[in-house]
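After this come two complexes, each holding chain A, first together with chain B and then together with chain C.
Right after this comes the complex of A and B.
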């Protein structure tokens, strides 16, 4: 291309061709830098803007209600202008702690089981003559259990939280009620359990990564010193993986604090302290969802809801801050303490009992996870598959007989629009931060902190913000929903791309410069292709987040039944699949109820599985290359 | 060893799953002897506003007055249910509870719930019209000013108030048009109408008005966005200009009287509902007040 242009009559080849090329290159370099800078500034503006706005909008509430009264007041009734969030703050914290206590423990032990004790394969034996059964048994024996378990955990980590809400309503509430007719079952325990099940997959897969990252020789060394396997695992490998495991827990906490819709389905909604396990409660996020409809710009409620968002932001900041407090490297004494002193064999054996017990705890808890996850997936499939009817999936959509087609269309639009905006912005910002900003620059550190904070903000707060800004701009529409989602996924894209770019060895860039390539050329031809798998994975994760989102979309692109024709125009309101799923519970009508909900959940399960498969393919390609 | 553990584990998985799925089988509503739990809508709901304003105890104090003026809280046994549909689902799943919903939403759900008498009067359209059934409230469309409405929105209102529209409204509600005339189909080019707000008004629109409006305008292809999670949203969206008209299921809120106009399209009852097999037939205002504010269970004779 460049060659022909340079040789064409209008652009006679310059006498000293190379010099011309250098000018063009410089121009391109300058343009590119400018472009990346613009992307970075826009992203940063978005990040700073939303955090700044939440602060700004909450000031009137703090001023009118009083900071102390707001934080420590115990009544919330906007009709009498009383705004106290203490019961909800306490409920949020208690429910989250409950979730992390149950879900975190189970998740970590499951990860330990997966890494160290999970058998590779079923070792089923069948000695009979039936050939069919023999084939079945052989088939089972061929399954790689570890990979299978791993994929199932990843699948569950990607399922929209509303699905967990349905599981909570239909199974957990019934179990809690246990046949006692005077019980509702909604409340603190039910919320904690739903959140616990929701975070188990997240904690498990992150803790598993942390355990696998511990160098092999730690484990082998411990065995060589005469430790049993259990002792090596719990006394050596586990402490070495501590920081990764704590980060996994903290991410789980973040997810639990921010969850809105699934909690709304099982919490009972009363503004009261969680005085018992079965006390109906309201968390901070569900409060925003329940009070949202009455808030209009200028009234105190509006500001009070943003102030609630601000409190959530502070909670997130505290959580993020505690991640940074976790030492990167375990500094204590590593190894089996028993062996460090002069102890007799008897003492050694006695102290060695605990890890052996923990081993069985890990095995038992892993089976608990198998039970719960199997129950969840079976629950969706058993209830959903019989309802997968052609008319419901692909038929005409009317108020009386809604079909999923409008939801498919609007999900696709939301993904496309969101990615079309957030990918260039996010990748551009990341390139600027990694390739152009000075290494270790303070600005980059500040940006990183803000981006991390934003990524922990509960999505209902984005919903509030999107309703205010984007609905004002575009009206209730898929556009408004997509722009809101841009803010939701931008932090993830920036951070993942940044990680992917940093992981590209500096030597590759230097080699490229050494061969005379310009910076832009190096970025586009060398750095980005090397970082591509990481960026692609980030994009797929963003798609997963968009597909699974409910809270941020309900108040921006609407929760409604619509026609195919209306959904074809992103200027109209339309619900995505997950919002549709929530609507089946929230506003059932003649053609919309649990049957449709479970069928939609099956579809979401399939989409999540497909997205995971894409990630798996990318990762496999990378592994092969290496 | 390992395979045994696996086998046991899988068996446990299946049995617990089965138990979990079986547990869904409901409780027998007929055996319930008292109503102990009450469901309330969130504060943005018009039904909530009207119910709390209308239900008074024997001293004539309404729930609203108790909550907003005396600073009292709902009793511990009151739980929130976000939307009209969730009240129906919650009451259907919990025979020891009651809740309140738009009377217009009862007919389609009699397989799950039933309406009980209030103060000895049946919840029927006739009793609301005669004024004997006290739990009633208006359905309003709200907007900044009638003159600024789009032609399509004006035509939509004219459809509701036409003879055809009133016939539909009167099936489950009480039409408010004084002299309905025949409907004149819409002749402009606009196709989109956005209505947000009350979940109580939505069934009237969704099941009756909108399909008939579309049918009355053959050749037109309207996109009518019907959404929202409460009357409050109808008002806030109308002020912000985010909808064509807001739907509210109560009188216009006091803080909006200077900004919005309200157009009453129907009168609706608020039905007090219980699970369909429960033997409760009648509740009094005093019982309702005491259940919601003091947690006093309602005994079933």
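Right after this comes the complex of A and C.
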């Protein structure tokens, strides 16, 4: 009895002296602040490091070839030391424009369909007696179509780009050839189509967000004036979402410019101007990927590839920066409007055929997306499932008979090492930005700009940087690959965590401070737990990015068929699943070809689906709690 | 005698509405309504359900032409629901079901095949929160006419000028026609929305608590405007502000829990209400 009384809240004196020592708390607070500050600074350093390092490495090429000759030279041949990137530059631009024209249009219209015309549910009817069919029909009718579409689009966004490359090689190229086996068909058209399919999910989901963010009352206002739904959508809601939709297109362009492996598989690879849709070409990114094998540190080719990367970086920076130029809201037109109306009897007529036509365009294009999606997924499953053999999945791996086990191991290592570094760093940086920096602080703005820049950098450029720095430090190894991936996923983690932290209500923090809790305690006990779903989602997205990455890993952790024993040590060279998949196409051998590729693609599809399912579960739990 | 010269559709609504309707299907005209009668709107035996919940019960009312009808009542009494059924904005609400008739300009607007564009062109609406589009002042007002096929600059100019003058804001805005409508003050935005609604030439203007988001001065301006407008249009207004109803309306209807308790001349309703609930509400004892 006596003891209980001593420990009761009215009498906490004995414990208080030690635990709540004010100096210790202050020290902890100060330490924490510096720790978080270091995290934030490191991420700035990373961006500076990448840009600076790549510029530094490309200086020899610029000096030897000359900047003008490099940019506007039309020949690229490392045997005769000729380095001109103009054909590649033009090809990159043409292919990207083609992709955004096709994929952007389809993506935007699909988004419009999803937001405004997608029915909630199937309304299938079955009047027969067969109980099984009845159950199937009822099951279909229960599916929430919007959620379903959302998930499918997200799945498509998560599929590794190399898988799209295979789809391009096996389906799109065949369609272009039209059965003529001697006709190559690789070139701008095939590349644009593959890229278009790749950017559809990006553009669709971003355009969808922009359309959903348009206040409902614009739509209602238009309807109340006698607009049809199609008129209200295309004349009021769509223009109101303009800035968000343009941003979606710009991000789509960024993704298309930066894509490497999928384009490498269907572009043909020769250095020439895209004089026709079917002329084999090479883009800036594929140039780096294709020539790197012949480069060695110190020669001009090596430097010229970094210079290519630098040009690419500048291109992407310009594209990203142009997002900031999109006006967020309508600010009025210039000048003054003077009216000189004529006094006539006005006749109101029923018009508005164009919006109705656009509505059907949206429905048709959304249908096209469904068909392409179904084709893509069926293509993987039909070709892959028959090749899922026990030996290939779980057997011993040799050069003659490679199995996926080493790839599983190295993928797991890459995920673990990357997250172990990037999560603390990214979360720390975000905590500094949200909890410690002053509101409106310039430092935070700088960090944000740099982080956004980093997120737009094509992964092949990360690969170059990783090769230059981490391969020098660790040799070709999973370590080098993982450190490179840290840079790739850091922006996503920082920005998502930042958003999750901002979303935690200020009142929660105030309540904690009001009880006398220190800042560090408030952050770790109140803020971080509340932001956990957002941070977990960010981590899962980062895993998805690591699993799907190829370009950044090929020249850091390497392309190699290896044994299970060798893969067990992250200090060795080993390929992740996606790199393995690329290897099946790039370096086919007796035990490595399309059969193995499709089987690997099925595994990647399953992993992507599982990761998406985790995100879905987290988000559903958050929604339920609210 | 023309079919539509009859004063009131109450005696013989059925043949007339059907006939009207047939005619509408053939032509693509927007003028399917005939507003020559005394009554602008007649609501007959109206029940409204949101899923299982019955939000309106057996509503019967007649709103005379060129008058302001105010609908008052505590929150959740169904007055906003009712005003939204008058131009079928309730169609947007999932699970909303309407039984009964609303006759506007000789037509039951819930008849199958009634053209919603034509209905809403003739029955305009002003919302609780000002909702100008993110366009210039000029484009906001020209928006409606443009969707109804008016493209000539001269005609549009004239409509914009006339509508702004009608809404008594021509002098304020004539030099700012190219500026964004979102830059106007709340009160100006709401009057702009009224001008925008007037630009398509409605016969009836529905106002759903048009001043509840505004300051007293802006409220006063809109009330003045309503007095002015009722020369040309019939106004139906939902309001939470009893003084407002008493000040500007000709008829007042009091709603409670989905039922219309009483409706009559505003003076009578406010001075000698016939129902004890009405009296309790307008004297502020509940609601």
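One rule holds for everything that comes next: the second predicted complex is superposed on the first by the 582 of 626 C-alpha atoms of A that agree within 3 Å, B and C clash if a C-alpha of one lies under 4 Å from a C-alpha of the other, contacts with A are read in each partner's own complex, and residues count from 1 in each chain.
As a convention for this text, a residue touches a chain if its C-beta (ideal position, glycine included) is under 8 Å from a C-beta of that chain, and two chains touch if they have at least 3 such contacts.
None of the values given here were measured: they were computed from a predicted structure.
In the superposition on chain A, A:386 contacts neither chain B nor chain C. Applying the stated contact rule after C-alpha superposition, one finds that A:239 touches chain C and leaves chain B untouched. By the document's definition of touching, of the two partners only chain C reaches A:231; chain B does not.
Of the two partner chains placed around the shared chain by superposition, chain B is the only one that A:294 touches, whereas chain C remains out of contact. In the superposition on chain A, the chain among chain B and chain C reaching more residues of chain A is B. Shared-chain residue A:80: touches chain B; no touch with chain C.
In the superposed model, A:220 makes contact with chain C only, not with chain B.
Once chain A of one complex is fitted onto chain A of the other, the partner contacts of A:529 are absent, as it touches neither chain B nor chain C. Residues of chain A that lie in the contact sets of both chain B and chain C are absent, per the superposition on chain A. Contacts from chain B toward chain A in the complex involve residues 2-3, 5-6, 9-10, 12-14, 16-17, 19-21, 23-24, 27-28, 31-32, 36-37, 42-44, 64, 67-69, 71, 73-74, 76, 78-86, 88-90, 93-97, 108, 192, 194, 196, 199, 202-203, 206-207, 210-211, 221, 223, 225-233, 235-237, 239-243, 255. On the side of chain A, the complex with chain C involves touching residues 215, 217-218, 220-228, 231, 235-236, 239-240, 329-337, 339-344, 346, 348-352. In the complex of the two chains, the chain A residues touching chain B come out as 75, 77-80, 82, 119, 122-124, 170-171, 173-175, 177, 179, 181-182, 184, 186, 264, 268-272, 279-280, 282, 289-297, 299, 363, 367, 370-371, 374-375, 378-379, 382, 398-400, 471-472, 475-476, 554, 558-563, 565-566, 569, 572-573, 585-590. Interface residues of chain C facing chain A in the complex, by the touch rule stated above, are 28-30, 87, 89, 92, 115-121, 124-125, 127, 129, 131-136, 138, 143-145, 147-150, 154-162, 174-175, 177-180, 182-183, 193, 196-197, 200-201.
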